[in-house]
Amino acid sequence: MASFANEFGPHAPEVTYVAHAFDEHLFDTGEIEINYVTTGDPSRPALLLIPGQTESWWGYEAALGLLADHFHAFAVDLRGQGRSSRTPGRYTLDMMGNDLVRFIDGVIGRPTIVAGLSSGGVLAAWLSAYAKPGQVVGAYYEDPPLFASEVRPAVGQGIRQSIGPLFALMAKYLGDQWSVGDWDGMVAAVPDELPAWMGMVAGAFGMGEGGPPQPLKEYDPEWGRAFWTGTFYGSGDHERMLGSVKVPVLFTHHLRIIDEATGALMGASSDLQVSRVRQLITNAGQPFAYVSLPSAPHPLHSHDPQLYVDTLTTWATSLPNGPGT
Amino acid sequence: MASFANEFGPHAPEVTYVAHAFDEHLFDTGEIEINYVTTGDPSRPALLLIPGQTESWWGYEAALGLLADHFHAFAVDLRGQGRSSRTPGRYTLDMMGNDLVRFIDGVIGRPTIVAGLSSGGVLAAWLSAYAKPGQVVGAYYEDPPLFASEVRPAVGQGIRQSIGPLFALMAKYLGDQWSVGDWDGMVAAVPDELPAWMGMVAGAFGMGEGGPPQPLKEYDPEWGRAFWTGTFYGSGDHERMLGSVKVPVLFTHHLRIIDEATGALMGASSDLQVSRVRQLITNAGQPFAYVSLPSAPHPLHSHDPQLYVDTLTTWATSLPNGPGT
Amino acid sequence: MASFANEFGPHAPEVTYVAHAFDEHLFDTGEIEINYVTTGDPSRPALLLIPGQTESWWGYEAALGLLADHFHAFAVDLRGQGRSSRTPGRYTLDMMGNDLVRFIDGVIGRPTIVAGLSSGGVLAAWLSAYAKPGQVVGAYYEDPPLFASEVRPAVGQGIRQSIGPLFALMAKYLGDQWSVGDWDGMVAAVPDELPAWMGMVAGAFGMGEGGPPQPLKEYDPEWGRAFWTGTFYGSGDHERMLGSVKVPVLFTHHLRIIDEATGALMGASSDLQVSRVRQLITNAGQPFAYVSLPSAPHPLHSHDPQLYVDTLTTWATSLPNGPGT
Amino acid sequence: MASFANEFGPHAPEVTYVAHAFDEHLFDTGEIEINYVTTGDPSRPALLLIPGQTESWWGYEAALGLLADHFHAFAVDLRGQGRSSRTPGRYTLDMMGNDLVRFIDGVIGRPTIVAGLSSGGVLAAWLSAYAKPGQVVGAYYEDPPLFASEVRPAVGQGIRQSIGPLFALMAKYLGDQWSVGDWDGMVAAVPDELPAWMGMVAGAFGMGEGGPPQPLKEYDPEWGRAFWTGTFYGSGDHERMLGSVKVPVLFTHHLRIIDEATGALMGASSDLQVSRVRQLITNAGQPFAYVSLPSAPHPLHSHDPQLYVDTLTTWATSLPNGPGT
């Protein structure tokens, strides 16, 4: 992997330059360059799509075609992802959230519906709490690991009892900015260094012998390290954040299983955790729409773009200035 | 509280000098002085009693009378507790564990059954894993917060979802070595700074308007801070420790309730956590005796000394060189 | 102090409402309210003034009168300071920096010269590195604790060897949001809990028997805790930040003494640290103007407003669109 | 390196089984096995030799021959070193110190002079402060990184400004227990990931293209990670420890250079740091013998065994029951 690893610097690595169905653009936030695409008519409601960890904007490629009928949609790469900048030592929720505040300001330029998957869903939550007044009109949290991605959460399983060991493994064998790049060593270590129940999850991440799948090539493993050590959230406690939500929320909750023997969470968040999310947002005076899809895979938007778009669009019509209103 | 606070230095504070039914002795470990009492005939099996956090050796006062028929019993104050030394900046599980290793060496001088409550139960676990060869013949964990007192445990609720906020509150308003000593401020802050379900727990700790009860006067609140921040366990992960247990274990499991709304643990450890304890100790090849007492209060030994002594003695007879064998 | 302490909630405490020579305004960032004043003609260059820790905007009150002849000046209270919002659990450099990004956007609305004292000088540095493109045209760092306020700095003394113990003391005895409020206990603890050389510094902060001076009443001691524990800088290493500076910098360096016996730094930053600052900014391609004022007190702008204004104005005329050009 | 890495488990790796001039023995502490050798007549004063980090007992091989004329000498491998146990997750100063307390108890069995190099010198300091009463009669600190190996030291450069980046590099590319084992990647990363002044140091550690030298093969890189992150010292602040020293101390101080541009410390501790060590030990009432050897390399005992033995022996004769008295 050495030659592959060496391609990575502060900028997006060469390996991210694969062809896509949408033209990519760069936006300068002052600190980083954000790579993004856009589609749909500017007369429609603005929609910002935020990928999950180990995904890039083009995870939305199929959905974008469908969304174009309802929204003026933008899909971005976050720092450390896709063709956006690598920022060694600087991966936190607050940094990424403010990157998007600047993106909405500088590129979209009007009130926006934000929708994100997984870590991107936590960013949607951050924006729903802390964006500038008027920037966000509604937020769709697509299967977000609220509480479950924290080191010491207020409620339920934390990162050690959910996806954390997998992030730690990637961070160790791949290294910040792929500096170590020992893919084969990582795959070989799965049986010894991950809990048994995570083997399946590792498979879902493509951690097999054929070499890294494209999304992982485009991912800076330092993200995972920042989650495992807790620096990602720093002073960004989820309970406090959710108590500050200022706009209507849609939450879709996908496959989640509690491992009986260990209590570990296979999935993004538990029912208990979602019930606390609901309570906090409701107490903050905001509408909370909840859709349980217990058999849906984590990234609904790529696995079932039509269901994703229908769910999002139906909810969005209820928002002030939503589509079709 | 200022005058009270000022009494505290590196040595045990004056306020600990209240009368007891047993003579107290001091043992010099090289770093600290351990205060202890002893009773029973030296011909009987040796038994070391380790109090819980916010308790002193004399929590065992009633039990000691009964234990004297079966054991040569020793009850100690840990560092930061009772009349043992205060050690600012130095409160960890490994330090306290090695204090007891030296105590067994220097005072007891022969193979010993160890029994501890709560944090003292975690110390019993530490001794069952890491004491010198031959020092410990069996360990009784009395309602220990295994996993539940860790910041990021392998299984179940961690310190934030169990007793932690209470320790944090005491540490804040009382200060290391009672240097702040604002008892009234602490009591007044209970409704605002503790989760609702903890109010009852705070009452059980005597956190009311009448001023600090004697056990809290004898307690260095820096302990609680060390638990809340995680420095107490430092490199002492419970999962790893329990996988190293080398002697038979008795575990009594007392009142525990999971708060339905928050998932918080009222009690020392959950059924799930105990099931992982059992698995780890059994995998380590050691007998694991479990007694569920779901209606017993946390400190069984002081609330029902007879039941405590009967339970301990019955189990101990099964040990090599146990009582009555 | 209890009644005083109880006045503090998430909003600015009542005690901050003292009369000033300038009208105060509130700006909503989306997360917090920023209190600010403004003076000078909008046709002049925009200038943002950022107070130091334990100061409020009105530390600039005397300077503002003089600055009005050259600039359109704005002076703000940061979160946790003066009449701006209190944000329990949320005090980091990145948060405060982005508060100011939004303030420049929403209130000033054009390219701005930023000038800050002490912690405010670190914020000026942050803005010079990470603000939006075009927001900042030059940055004046007034005696900033670069490196010296970090827990593990790249160069020279860190927070433990400079002002840190004082912040820790205030945080302990006053508590987050003044929740403990034990001023007298704090004053009494100075001789025991601070290094000898800090006694003088404590005096300079007004930590005496007459009760808290007005600036400390307006200060949330949680700031100090965030510096002491390192959460304030989180993922904001100074070396990395200074390597990203994008505009010309003025650095005034005031009284600094190295205590011979301990190597402790009395002052904001050492000559060695400033030399590294210069190297990093110069390597980043930016002009670095340095003025050594070894006999000037830390807050030059309030102690010698004329010298402050002259120094700032002279440098600013060299900037594109600076005053008088 | 994969096959090499895979040899490592909890026990000493196969690669440590190279021939030596002394017979090796194993001692069971209860938690780990300590590998050691012994020489000299039991009628002579007992001497415990503690190697430095990235060294094993046999760094003393040449010195042992000379020491045998004066002492009954024991040289050990610490946990994570040589043929002693690997203890994943459990590398702290207090653990290693208590390992040696048990070793003195169980193997030496009488009052002992302790002498250690570098990290082993910090352990000699720990023993001089915290061992059992009577175990230690004098302590020789051979070029120890007091303060300089801490994350946030009381005095002078911390780990980031001294050897830390080198330990971090080894930990990253070799992994805990050599699980990553990418020697070539590490060597290639030296120019990019280490400060320029460390290149020479890296060479001294044998970090070149010929593959790992024997001492590094015998070293668990998790040690280095524990130093870099600070978990090694946990609740073991050096200032506090040195204030508790209870026996006479010899300190030899070898090559040390302050890099003028960065203030970084090339060497184990600075003159300022040693002056604070002297002050603390003297205040604690103990004799402090200091020998400055500014041109001696860090491991004097292997580079100039005769000078090492002469220095140690001369000092030791001044101790109660020292050699030749």
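Chains: A, B, C and D, in written order; residue numbering restarts at 1 for each.
By definition in this document, a contact is a pair of C-beta atoms (placed from the backbone, for glycine too) under 8 Å apart; a residue touches a chain by one contact, two chains touch by 3 or more.
All of these numbers come straight from a predicted model, not from anything done at the bench.
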Message = Between A-B and B-D, which chain pair shares more contacting C-beta pairs?
response = B-D
Ask   = Of the pairs given as B-C, C-D or A-C, which one copies A-D, with over half of its contacts the same by residue number?
value = B-C
Key: Chain centre separation (chain B, chain D; CA means) in Å   = 35
Query = Just curious, how far off is chain B from chain A if you go by their C-alpha centres, in Å?
reply = 43
Note = Residue ranges of chain A touching at least 2 other chains are none
Query = Within the complex, which stretch of chain B touches chain C?
reply = 2, 172-173, 175, 179-182, 185, 188-189, 193
Message = Taking the touch rule as given, give the residues of chain B at its contact with chain D in the complex, in rising order.
response = 28-31, 88-92, 94-95, 98, 101-102, 105-106, 129-133, 135, 226, 231, 234-237, 240, 244, 246
Remark   = chain D partner, complex, touching residues on chain C are 151-156, 158-161, 261-263, 272, 275-276, 279
